[in-house]
């Protein structure tokens, strides 16, 4: 088992994104650190555009994540609707 | 393994002995004595007597070490290029076989300053 | 054909493909060998550049849009930090030593990476790969510039920052970073990608930035938190590029495996040696500590690196050869390096200190197996000497490792009381190393490393011939101002005074 | 405790970094200056490049142009990363909303067939030429010397890519990927495009960064942009009911005017440095401008037919006038 993670800046813009990630990845662990929120998950994490849109009530392009993204680990796969992080093991 | 390059790769080392105005570098360390963090450099003529290297190179540099005065120089053992070696104090560095950028180490039995257990 | 027939809307991947790799073509007027002259000699075999997977798919207009947003935020915060004397909210001006090292050693590296990626962005024959490298190139110059701007305000009030460009080329400890980046940029495009794109960005960058920024946040350095986070958001793209690149090389031809593995071994070790500086920053230079270097290694090295190398095992990749030794050394390196920096602090353009009792207790809690046993006694000795008015300085200039350029202060992997001495002879010339792994790197390409510029050995040559005062001028180090102990420094005196002025003026 | 730090004023110990003071005197430095001078290592480069051990890692001798200080080649726009992306971000916003507008109003469908066809025929293969420009500017950035000279080149390279992508998007609107494929085929095979493709490929083997700068940014761009975007699109095609196309290419002529200021400044300062530089650059100009003229002749002819010679002559003369102001009398 291997951990994938995504770390986002802790601010008002990312709050609903983090909520959306929690909704889609109920087992993920959310670590609050100075100025940063790091979300760990076992092997796989998914971020869904639709869930974020439900949280913020407007259209969202997953590319907007770039603005507040700090770091991540795992193989990235991104399309219009989802961004996933995964390890192949 | 030869280096991979698009053309012949030939360079001159930047610290060959002839750059040192007739002198050469010797690196010295005192085993099990880590107050002084790293081996230090002495830049001396190859004609320098080994005793001078000790008296004028090593001793002043290591003054701060409380073990320094306790060294019994008759008991000291030496390594050169990480192999046991017996220097002749009355001979020059060159005659002792010390070449440019050689590393010598000395070991002082029963002395062990500031580095925890042996 | 009727051009007005409505076409189906392309999805993002398809659209990105037509926007990038479809732009390239097979040349016929000039040979590919002449257009891409550096792509063969390293021995990496690529059969199909179209198999390259674009990690993130940012078109230029999206790139401009999101990056502009980041820039606006960054400079707004920076300006307000400068206008409101934000530096007085630091926990202590002692903290700034970490920033000084960062600026002198890492910022020039960002610029070097910018050049390297521009070169790679031209030399690879695949358009997809080229675009990814070009975007990283422009990001890297951004990082160099935001850092120079971020530190600029500190330079106005504090010492040690003032001549980082000269010090990049001349002062001794910056050559750890300079030689690292010079090594990468003098390598071929594939090795460069493994060196910077994979080893540095993917395996090590989290170790550099995340703890460093948290440290900045803990210590009130809003300027650095902002540039750090802002840069790190690009880093996520860069890391992904590094990972894609290595997978691509391994998938293209089985013959690539041993070459790539060799580079991973080399660059992991070079990287981990360079990052020892960050270890000392975290464990010693932050007045308010975040996590220990060893803890950071556990999270960002062992845990993530472990996951990564498990993932890559399917290609036959094993963890870097130096991994175990690096892991063992985590209990020691930050202490060994800091003890060195402190005793040579007459030659550093930053201040150091003997840690306070409270800090030593923290270190002892974080390093229960090693700190009290090996390192506290030395710090205590230095403290006593200082109290007696005979502060301990090591005027013996250190032997430097021919490869990583560290002083030879690291110990044997299994004996923390014995310095690690390694040497070899090449073409009748002796070379010294800090470790087996640095010696291996040398032995693989001795012709390259014999030319290393070792600042200490140079000091004894023309024109300085060992004259330390002349050396100080030459490296732009103002004795008694930029260097030495923080406790005795002008930085401390000023910071304390300004803070005091603020208090006496402020209204509760 | 957050302390109120507004209340005191502190006399700064110094006004700027030492390397700023050495260059510009003891006064505050601009962000452009801080971002652009001396960031590149100059001394004690550790290793010779394995990709060419006859060069230094940063090497002034790989071009025939000789400068006492390469930092003299600066950018009058004073672009460092931040103003660069901020400007481009503003511009792309305008372009993006135009694209949306054209799409939502179905303006492409209402283009006259002749214009639609012409736009596809002329503009779409140019995305490959823009990609070539991207390659060249990336090269100049990678191998050129000094930050002031090379940083605008990576911006230019990314602009070239952006232009290629805008042209791609226009292609997608005009007729989708099939049309782009057709255009690529023209680029590869049609006789009208071969001189230009040969020009670009010949540039891909030029490894003198300054010569490449002349070939791409002065000679080729200096003819292509005014001819294609200002003349053929904004004038010729607009008159035939194609102003929609000119809305979609709005970025290009503006971009050309903006970047020309920088290109002019570089050429002017380099040529002024010495007679040697002047002569070297002049020889390159003679060679590349005449080649560029030949390279685009058939493309212009394809677009406008009879008037080609006259239009090309006008544009070549305009470029020569521009160069004359930079110190080159032909």
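Order of writing sets the labels: A, B, C and D. Residues in every chain begin at 1.
Going forward, a contact is a pair of C-beta atoms (placed from the backbone, for glycine too) under 8 Å apart; a residue touches a chain by one contact, two chains touch by 3 or more.
Not measured: the values here are computed from a predicted model.
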TODO: From the Cα centroids, identify the chain that ends up most central relative to all protein Cα atoms.
DONE: C
- [ ] Decide which interface, C-D or A-C, involves more C-beta pairs in contact, and give its chain pair.
- [x] C-D
TODO: Could you grab the centroid distance between chain A and chain B? Build each centroid from C-alpha atoms only and quote it in angstrom.
DONE: 56
TODO: State, to the nearest whole Å, the distance from the C-alpha centre of chain A to the C-alpha centre of chain C.
DONE: 27
- [ ] Calculate how many whole Å lie between the centre of chain A and the centre of chain D, each centre taken as the average of the chain's C-alpha atoms.
- [x] 38
Open item on the list: Report the inter-centroid distance (CA atoms only) between chain C and chain D in whole Å.
Closed with: 33
Open item on the list: At least two partner chains per residue is the criterion; list those residues in chain B.
Closed with: 3-6, 9-11
- [ ] Could you tell me which residues belong to chain D and also touch two or more other chains?
- [x] 48, 50-52
Task: All pairs of touching chains, each written as two labels joined by a dash - done: A-C, B-C, B-D, C-D
Open item on the list: Going by the contact rule set out above, which residues of chain C touch chain B in the complex?
Closed with: 37-38, 41-43, 188, 336, 339-340, 343-344, 373-374, 377-378, 381, 385, 390, 392, 394-399, 407-409, 411, 416-419, 421-423, 429-432, 443-448, 450-454, 456-458, 460-462, 465-466
Task: Touch list for chain D against partner chain C, complex - done: 2-8, 10, 12-19, 29, 31, 34-35, 38-52, 57-58, 80-82, 85-86, 88-93, 95-96, 108-109, 116-117, 120, 127-128, 130-131, 134-135, 138-139, 141-143, 147, 150-151, 154-155, 157-159, 161-162, 164-166, 168-169, 172, 174-180, 182, 184, 187-188, 197-198, 201-202, 204-205
Open item on the list: Quick check on the complex: what are the chain C residues that touch chain A?
Closed with: 11-13, 55-58, 62, 66, 69-70, 205-206, 209-210, 213-214, 217-218, 225, 229, 232-233, 235-237, 239-240, 243, 290, 303-304, 306-308, 310-311, 313-314
- [ ] In the complex, go through chain D and note every residue touching chain B.
- [x] 48, 50-54
Open item on the list: Could you list, by residue number, the parts of chain A that touch chain C in their complex?
Closed with: 2-5, 7, 9, 33-36, 63-64, 66-76, 78-80, 87-89
